[in-house]
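I have placed the structure first, in the form of structure tokens, so that the comments after it can refer back to it.
Naming follows writing order (A, B, C, D, E and F), and every chain is counted from residue 1.
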Amino acid sequence: MVELVPNLLRQEMARLAEQDARIDGRARFEGREIILETDCLYNAEGSAKVTMGKTVVYAGVKFEIRTPWPDRPSEGSLMCGAELRPVAHRKYEPGPPSPESIELGRVVDRGIRESGCIDMNSLCIIPGEKVWGVMIDIHVLSDGGNIFDACGLAAIAALRTAVVPAERFDVGEDYTLSVNGTPIMASFTRVGGRYIYDPCEEEELGGDERIHITIGDEGHLHSLQKGLRGVFTPQEFAEIFEVAQEKCAELRKIVAEKEAN
Amino acid sequence: MGGYGDVQLLRDDGLRLDGRKLDESRPVSIQAGILPAADGSAIVTHGLNVAVAAVYGPMEAHPRKIQRQDRAVIDVRYNMAPFSTSDRIRPGFNRRSREISKVTAEALESVVLVERFPRSKIRVEIEILAAEAGTRCAGITAASVALADAGIPMRDMIVGVASGKIEDTVVLDLDKAEDNYGQADLPAGILPNTGEIAFLQMDGDLSPEEFDLAMEYNFKAAKEIHEIMVDALKARYDGGDN
Amino acid sequence: MVELVPNLLRQEMARLAEQDARIDGRARFEGREIILETDCLYNAEGSAKVTMGKTVVYAGVKFEIRTPWPDRPSEGSLMCGAELRPVAHRKYEPGPPSPESIELGRVVDRGIRESGCIDMNSLCIIPGEKVWGVMIDIHVLSDGGNIFDACGLAAIAALRTAVVPAERFDVGEDYTLSVNGTPIMASFTRVGGRYIYDPCEEEELGGDERIHITIGDEGHLHSLQKGLRGVFTPQEFAEIFEVAQEKCAELRKIVAEKEAN
Amino acid sequence: MGGYGDVQLLRDDGLRLDGRKLDESRPVSIQAGILPAADGSAIVTHGLNVAVAAVYGPMEAHPRKIQRQDRAVIDVRYNMAPFSTSDRIRPGFNRRSREISKVTAEALESVVLVERFPRSKIRVEIEILAAEAGTRCAGITAASVALADAGIPMRDMIVGVASGKIEDTVVLDLDKAEDNYGQADLPAGILPNTGEIAFLQMDGDLSPEEFDLAMEYNFKAAKEIHEIMVDALKARYDGGDN
Amino acid sequence: MGGYGDVQLLRDDGLRLDGRKLDESRPVSIQAGILPAADGSAIVTHGLNVAVAAVYGPMEAHPRKIQRQDRAVIDVRYNMAPFSTSDRIRPGFNRRSREISKVTAEALESVVLVERFPRSKIRVEIEILAAEAGTRCAGITAASVALADAGIPMRDMIVGVASGKIEDTVVLDLDKAEDNYGQADLPAGILPNTGEIAFLQMDGDLSPEEFDLAMEYNFKAAKEIHEIMVDALKARYDGGDN
Amino acid sequence: MVELVPNLLRQEMARLAEQDARIDGRARFEGREIILETDCLYNAEGSAKVTMGKTVVYAGVKFEIRTPWPDRPSEGSLMCGAELRPVAHRKYEPGPPSPESIELGRVVDRGIRESGCIDMNSLCIIPGEKVWGVMIDIHVLSDGGNIFDACGLAAIAALRTAVVPAERFDVGEDYTLSVNGTPIMASFTRVGGRYIYDPCEEEELGGDERIHITIGDEGHLHSLQKGLRGVFTPQEFAEIFEVAQEKCAELRKIVAEKEAN
């Protein structure tokens, strides 16, 4: 029974696609309005809230002091995790982390980590003894579609506002974490046969596979992920890759503007 | 309760470290309907605590063995976000959050008209985004508003409030330092219209007389916070949907 | 179907309440006979067995040597846990600790801990290096109603007979653990509309919410817990609080008498 | 088995450290019907070991996939209480207790007339309150008595017994020191009336001849303990209910 | 990706440390039908990687809630044996293996004619016995051959391939050292007949032009490995059953 | 329904037993052909593959450096674990280790450990500081019956080829692990009323209890395990014990021959 709705939705999506239309009236590569707030959580050393249509996501940054790995004595570490808890949607059930939430966390983590925006050596306190471990935790509060992009944005925005709590740990004065770059994710879902940008909830329910692309400041790829059932051609990828470049640049501007204020 | 004598918590002028009077609550603000994916939702800011609640349902109760033939069950999850505390919390439930979830569910089942929804389940998700002592009470308040926002019929709301004891003095609404170095904490869930109690815990040391005064403070605070809850729901219905 | 019995029981409870009677003939605030045995378990450093009607509960105390927390270098620790294992009743299922057993353990723990009967500084061996960790484990073997009070009594009785096994850990000679006080729990359940003391199994099955009150030697409250569905008035609480004072004093006497022998 | 040569376990007079003869068991006492909430129960004190068993059922087998169309399944949980050993055990199952639960269940299924209760389940809970070597055998003995106390039909009882080897000498019923420093342990579950074996494990080093002697000791002990089991059940039914 | 500059990975003659050309794959060998208990199976040796896949089904989907009314679900478990890596891996799933299992299942669901088996489940078990970079791709290749060996209808096979970047140079099929010290990895699952992509991941740093070259290499490798897959299946059916 | 097949199989097994025959034509105490391969896994410090009819099993040995237990400062450790993962048969389900796989691992472990073939003192690197931990992991890839014997054989064969990776851990030069003996397991299942050796899949499905016997080089018992529902007489055991002696000697020869090549 649950699958009846998706099937009807799929038919409607196909009909809309023929007219190059979307269910909420957007153009094929038009994103929803984004509201970004930062420094919004007491106790987090960096924080951000992203609202994107019906999607609401928080990210918080915490620090801890760790012993470095013996083979990398001057490198700290970065970890990014996402929780898709039952608060976010009727469809999420309690229990250990689902494959969906593991994938979400790991894709966001790879985009940030592989962009090299955090120099692991800059997290060293005493070589071989003490380094900072940086932990970004993402909390999806309302899933209204395209939580990947919302989580990626919240994570990097929170990270870029983070203050290293050196005083609390008795290792000097607090200072702003150095973040060199703003990797941004853009996600596309096949809906009614063609890829659209920034799917809403209905488009995800009535759509097929999705592609997540993380792009750095210079337009380089840092992370790719194809998810769900479906196949695509190299030509289709080339088209959305070009769109992704443009979209990531726009979102990077939103982060920069927020920081300028 | 960390115990007495470690730290000064009352100033020479008789006020508390943050300038509050003995029977003064931290500032509370509430907004309803803030999570579009949920059937009902609310955010409560109580001092520096931030508690969000989402309500889903009534829906079919799964698995079958949790079903009750004559009423709905209320399935509460109280969860602290990893970044909500000074030291990061590892994700996942711990014993404390399981106990709070249990007693919160039992309190809410005492006011929701569960008999109207046999064999069904109402999910209440409480997420603590920032913690500064008093999160279980902020969570109960948020859950009550979210249930009302979801249109779930209740015979009364529950207001989460707490009093405690610092330096041998009963005070209303302990903050973080007062909780860490105080002598007692008495959180309660009060029905503002009937004056009944649906939730009660206590730990520390209270004489019978101190207990009576602490409960008096709790009732006073419940009245104040209830007004803010009502205003939040009014704003929600006046302001239209999100 | 399972719920038919509780509903019939509820009707019977209401009928009895009207006559101020109880299903097993006790008066409203009359407890069952209590048999307390101590020092009954080889390998436990302190132990107690409580039989209370059809309820049978064991508690055992073990010690370990730990490193103290950096911010409390001279304080040891106390931990009390309860296991509601399937041995105790047909209704208990195997698996990870249920919310019921977590609540039970935490309520008993708070009553003992908050009474201050163990001075954490007395558990110090070498400041900053070695302190004692005291662990009370409660094992419910037969649940015939009111296991909270039975567990609370077994826990404090076991603790009060505990001998610190310093020789086995090579840190001096064995000595009796110093315990300053005898916190006692009294539990009340609403049955047929009014609160009764020390519910038996049928009264729990046909009853409503319960209130657990832990009281110290001087009559001060150390722990409160309201459990299950139901509400109560401040007047109702005042009445049972007074009864609790009396009941706790009686049980404290049983512990003292056992120790005197 | 900790191996040979570490510690002297036999005295110069040929007796064991606690004065027992080579083929002498530790004292055993048994009481049936000691847990009022259970359908059947027993407590076995074997040396310093204390094993309690509770039986529930036959009851409907849940979940459905464990059901057997032609017989009952026996669901055994062997569990050591945290305070039962010298070093506290963390609560919860470990690999050892899971293996013992499995082989104990299989042994009991060999004597209970499981064909009489198709699609049902009999729960056997074995709790070790104090451990001094030999708990699995004390548990099997306790489970047998508890099953009988519950009125579950069996074609025979099972008596849990063990022999072993210390200082190249076969002995009956190893105690803690003998188990720690001995060379072999041979626990068995013996049907006293038929002389069949329903449970058998062994580890260490035994020549074929040593094995034969150890089994001879086991059969002797089974006969002795069986009498105590029968007495316990008689006392239970003579003494009335609890 | 460990990053650039740590280690020399290209020799002065322009070849890679193991003598391979930039667009040269490690040797690959495949055998189908090697696990008698499975409905279909394959072993893929790719360089020093050893990946085994077993297929069971289609079978009834359990539990009911994973059933799809209109198609089969494919249940993939990618697992690394404890001895498959330089440092032993603790048995059990971790986050990495769960993610790989998920995306592998989704890729296979894209080629298997799942519509033919409504409400059923096809189990695909991928076991990595030895790992030397590239196990997820070897696993996808093995799974494809095992599905074909099991007679599961597919609209195309999937070939697991990967390219990457070392010392600012795009190369095909990273080995362990290249993976550890390289700059990017681009694993893909390619349908050899249609040229479509069913699986794609990437991490590191690739300019758009580098991405294009890396994908070109991947398509070239897919063609080569596809022939080995076809040969393995032919050998299986010529050679009879095992 | 699933149980219909076993019941038909049981009848067939009884019929065959009357004629002293087996379903696959073997004599009562005849084993299947065994193919043993060693050194077959890159990254394992010792490895073996055993094929025995439709049963295929791998074992791999890994080493780690550990701190010794305080009371045994010069002893290393040995651990043997088996995983019965869903790859091996349609009947195995994913999830935490089943009782079956725990039993399998522990029985194989006991046979090797109790034979004394590894001198724990030979695993010492620096007394009180560093010792070797040896871990044998067994992976059943195809369960065609009698996996106990296949696993036991793979484990000891892998162990006997293991090379201690001292160089990789910077504690000297690599050397062959010293293994004094070749403990071998022989397993018997009651089928059609009498015990047979080396049961195949159908015999296990239509059979009753089984007995696993591990015997060392001198013919001594090192491990026994009776599994599944059923009872046996001392006379029955005496008979299979004699067969086991012979079978274990044969398999020990296969290991020796493989090592000689």
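We take it that a residue touches a chain if its C-beta (ideal position, glycine included) is under 8 Å from a C-beta of that chain, and two chains touch if they have at least 3 such contacts.
On a predicted model such as this, the values are computed, not experimentally measured, just so you know.
Q: With one step meaning two chains touch, work out the least steps from chain B to chain E.
A: Minimum step count, chain B to chain E: 2.
Q: Give me the set of chains touching chain B intersected with the set touching chain F.
A: Where chain B and chain F might share a partner, there is none at all.
Q: Go through the assembly and pull out the chains touching chain C as well as chain E.
A: Chains in contact with chain C as well as chain E: not a single one.
Q: Equivalent interface to A-E, which of C-D, B-C or E-F, with over half of contact pairs matching by residue number?
A: Comparing each option in C-D, B-C or E-F with A-E, the repeat is B-C.
Q: Quick one: point me to the chain whose Cα centre is farthest from that of chain D.
A: Comparing chain centres, A lies farthest from chain D.
Q: Comparing centres built from CA atoms, which chain ends up most distant from chain C?
A: E
Q: Would you mind pulling out the distance in Å between where the CA atoms of chain D average out and where those of chain E do?
A: One centre to the other, that is 51 Å.
Q: Quick one: chain D and chain F, Cα centre-to-centre, how many Å?
A: 26
Q: Could you list the positions in chain A whose residues touch two or more of the other chains?
A: Within chain A, the residues that touch at least two other chains are 97.
Q: Which positions in chain D touch two or more other chains at once?
A: Within chain D, no residue touches at least two other chains.
Q: Once the touching pairs are worked out, the chains link into a ring; list them from chain A, going toward chain B first.
A: Moving around the ring in the direction of chain B from chain A, the order is A, B, C, D, F, E.
Q: Residue numbers of chain F touching chain D in their complex, please.
A: The contact residues of chain F facing chain D are 3, 7, 97, 99-100, 102-103, 105-106, 110, 113-116, 209, 211, 216, 219-234, 237, 241.
Q: Can you list the chain C residues touching chain D in their complex?
A: Answer in residue numbers: 41-44, 47, 53-54, 56, 58, 60-62, 64, 81, 83, 85-90, 94, 96-97, 135, 137, 139, 141-144, 168, 201.
Q: Mind listing the chain B positions that touch chain A in their complex?
A: 34-39, 41, 48, 50, 52, 54, 56, 59, 77, 79, 81-88, 91-92, 123, 125, 127, 129-132
Q: Given the complex with chain C, which residues does chain B contribute to the contact?
A: Within the complex, chain B contacts chain C at residues 1, 3, 68-70, 95-96, 98-99, 101-103, 106-107, 109-111, 184, 186, 191, 194-208, 211, 215.
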